[in-house]
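When the chains are written out, they are named A, B, C and D in that same order, and each has its own residue count from 1.
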Amino acid sequence: MLKGYTVPRSPLGQAAIDPPPPWHYSSDVLAVEFWADPKVTASMLPQGLSADPKTNGHAVAMFLDWQFTAAHDEYLDPARYQYREAFVLIDAAWNQQPVTFCPFIFVDNDAALARGWIQGFPKRIGSIFQTRTFAAPSPAAAPVVAGTRFAASASTHGQRLMNAQVSLREPVADPFKIFNRPTALLRYFPRLVKGQQDEPAVNELTLSLTDNLKLVDMWAGEGKLEFPVVAGEEIHNLGPVKVGAGYRYSMAYSVTDLKILESFA
Amino acid sequence: MLKGYTVPRSPLGQAAIDPPPPWHYSSDVLAVEFWADPKVTASMLPQGLSADPKTNGHAVAMFLDWQFTAAHDEYLDPARYQYREAFVLIDAAWNQQPVTFCPFIFVDNDAALARGWIQGFPKRIGSIFQTRTFAAPSPAAAPVVAGTRFAASASTHGQRLMNAQVSLREPVADPFKIFNRPTALLRYFPRLVKGQQDEPAVNELTLSLTDNLKLVDMWAGEGKLEFPVVAGEEIHNLGPVKVGAGYRYSMAYSVTDLKILESFA
Amino acid sequence: MLKGYTVPRSPLGQAAIDPPPPWHYSSDVLAVEFWADPKVTASMLPQGLSADPKTNGHAVAMFLDWQFTAAHDEYLDPARYQYREAFVLIDAAWNQQPVTFCPFIFVDNDAALARGWIQGFPKRIGSIFQTRTFAAPSPAAAPVVAGTRFAASASTHGQRLMNAQVSLREPVADPFKIFNRPTALLRYFPRLVKGQQDEPAVNELTLSLTDNLKLVDMWAGEGKLEFPVVAGEEIHNLGPVKVGAGYRYSMAYSVTDLKILESFA
Amino acid sequence: MLKGYTVPRSPLGQAAIDPPPPWHYSSDVLAVEFWADPKVTASMLPQGLSADPKTNGHAVAMFLDWQFTAAHDEYLDPARYQYREAFVLIDAAWNQQPVTFCPFIFVDNDAALARGWIQGFPKRIGSIFQTRTFAAPSPAAAPVVAGTRFAASASTHGQRLMNAQVSLREPVADPFKIFNRPTALLRYFPRLVKGQQDEPAVNELTLSLTDNLKLVDMWAGEGKLEFPVVAGEEIHNLGPVKVGAGYRYSMAYSVTDLKILESFA
């Protein structure tokens, strides 16, 4: 009798790429708000979502250093479970509800990739880095104070996809005024049987559920962002037409559930 | 209208982690035959498969350097698509048919991981290496001649899972006498909705279909194999009770289809 | 006229693996004190150092997440300069002066490897991870409070070399009472000319100079440590005969100079 | 008594990043001839070399999949010693002797980086890939026949530095007519002592000595090459003004010695 929430399923269930929920996350985040060509963002939405009539084109690029744990102290195995991530969220609407949608996301860890696919985050493997803040004073410390700059980048297969920078100006009293939309996702798993390769086994519009969401220590400032053109990729089509504020903060939540908005399979 | 056989789906379909079939593969293979505790191999079989009454416990460890292409010259983007892989196949039976089953497999490339999941290979990311053969004569060349040794290893998250070595003795006239069983796989994709986390969206016993299968330049010799014990993993439970022959050869096939033996979802 | 403190030297001096000093560092550290077989630690000392008559066998294993910058905002290019490191320091004596000596060290970044060689840290490339602390409350956050556990590991070429864990108990009032010895190093660069391969071009016993050394937010607690046996490596010969306290803290310093204790070239 | 040709030196000499010579190498090579701005190539030469009066500006970009061994079967530990490399060689003259010089080189392995520094190759860590040829027939096999294309790329820290492609046309009867210049290198190791940071401990113009050099199975064809512009790097200043032939071949040699042309330290 095989056990395991994910493959590989095994007699004890320990070999699985991921343990079952609850999945707990805590992170440091660098985020830059931007505007893309509204035709581009509209073209990146899956079935079931429409362009937000008021904010179409508005988006945010995010870089996160994550710590993960499930129920068995996975945070004590950082070689297997700690990871870095970068993604884009674009404004959209589901029926009348304002949401964001994630068209592109990169992580440096396979356990994170698998959890992402299960939720609907279309993760690929990349290398992601952000300037960190350290407690010991030094020109290398990047303290969270006005004027400090933080930078981040994301690459995949040796090609740079995103460069960002945030120059801190002031604390944000209510982070939830800044980031207040739920995230819609495309949960999608294809079939390989001949004749059914256009009929995915799973094709669901989902809504990410984030228990105990915390946004703390948020600072805002000036943002910079670029998406270098890379052959064979499409994220650069978001190439900002305007860049807005940048943010640095810490975020935590837990995942124990998922909302299926619509199924198209 | 989003395009793409896999996530991330995008306006042009170029950002997908994988192109659609046909998927063409060519590789160099190092393989070592072994016997595990029959209770262990039997315990690793999914629903629908049973222990092979005659050969239960018999298995093979394989290491492959792969080149991949689909229809658009993907072999000319080796940074994105070339990869190395290690896995285990254990003998089993589906109804009365002799098959092998793949309980564990590791690759160093995300496109390969995704194609694997779609077929039913339970891939995780690892680092895999095998001694190669080179044409220019040198003590470093490892020519394919009697007496040459080839070694291979697989690791994940900084832990060594497999070590193998093959000492070549003689060519094999008919490789298909050695490797003649089709491979059964568990195609599995979980649900995250609360209350349904034990009810996978996809839970299929599949049979890998390999068009134009070629096994060429096979040599046989003495095999060595070990599975170091690693906390949090289970592959070492296959720790050989006996090691058999080793093989080195080249293999190619194409994937355009998949056979679903049974669906349990 | 080529420029650059290190290779590759180039017309503008930008391609060098490292910028010139000053080198500024800030880090989070996980450290575990231990005792090795005194014969082993004594055998690992270079010419010019002797076993500390009082503490021979005493050592510390350290894991560090580092941020680096030189004079040109290198901390804003974390993909090139941010890194993780693990090493061992063993007690020793130079003349009558108590020092530590670093026999083994692993980093995941080539710029850090090169700076290390220039100082005398015998760095090799590895993969190193430690549990981090995050500000946003979560079971994944690992707050710096009594009872929280932090773990770390180091691997090279797919083999695990070190596993450590620290369970925090209480803050340390004066970190410099714990870590108060300077670090001696072997700065060593071989010759390749035939007949001179045993006569290194550089063979210096050096003393690391750390300007503006800060040790802050130190906590002590229970330590755990193991060095798995790895063929072809020697660090496991330090395999603890006793494990002492564990520490978690933040550290910063700058490097602008090096003291040469003795030259043997 | 510490042993080891390189750091880390240790009681048994097994922990060293590299074993002592002889160093044996065998490889598959993809090479593209090109011409850069002659002012640029001249500006990249170290003290002791001058621009070749006849061919200044002529250069070659090379991508190599390497197997390495020393005297103790290192080719059987491919996780530690097998590697991929990319570099550029530019024409130059030492006194009246035509040579090439290597201004930039990237490898994916630390043992290779260290050997390179010892010879004078200014290696940094990168990720390098080339299309391989496989024996088993398939659209993925890339056989060495007229019309087959091979591609290669090199990246460092997530930024693409080089893209190349070769379309095979015909075998080359005498490879040594194509590649017939010895390679001069800058062996360079800085000092860190304050006041001596501009006075390297080692600053030697060297000549690479390649025992038993073999160039076999060489094919020539059409070459393509580009050096994308990357902030903080200089290799793109070689950005071809003209691209010549491309080559694919296998190469082997051994290293047991180095010639010091001049010492400037």
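Following the convention adopted for this analysis, a contact is a pair of C-beta atoms (placed from the backbone, for glycine too) under 8 Å apart; a residue touches a chain by one contact, two chains touch by 3 or more.
Only a predicted model underlies this, so the values are computations on that prediction, with no experimental measurement involved.
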item: Graph separation of subunit A and subunit D (steps between touching chains); value: 1
item: Chain separated most widely from subunit B, comparing mean CA positions; value: C
item: Reference interface B-C: repeating pair among A-D, C-D or B-D with over half of contacts shared; value: A-D
item: Interchain centroid distance [CA atoms averaged], subunit A/subunit C, Å; value: 33
item: Sequence positions of subunit D contacting 2 or more other chains; value: 77, 79, 127, 129, 153, 155, 158-159
item: Of subunit A, residues touching subunit D in the complex; value: 127, 129, 153-155, 157-160
item: Touch list for subunit A against partner subunit B, complex; value: 2, 5-12, 14-15, 17, 20-21, 40, 43-47, 77, 79-80, 103-105, 109-110, 113, 117-119, 122-125, 157-159, 186, 188-194, 197, 201-202, 232-235, 237, 255-260
item: Subunit C - residues contacting subunit A, complex; value: 24-28, 65, 67-69, 73, 75-79, 82, 127, 129-132, 134-142, 149-153, 155, 165, 212, 214-217, 250-254
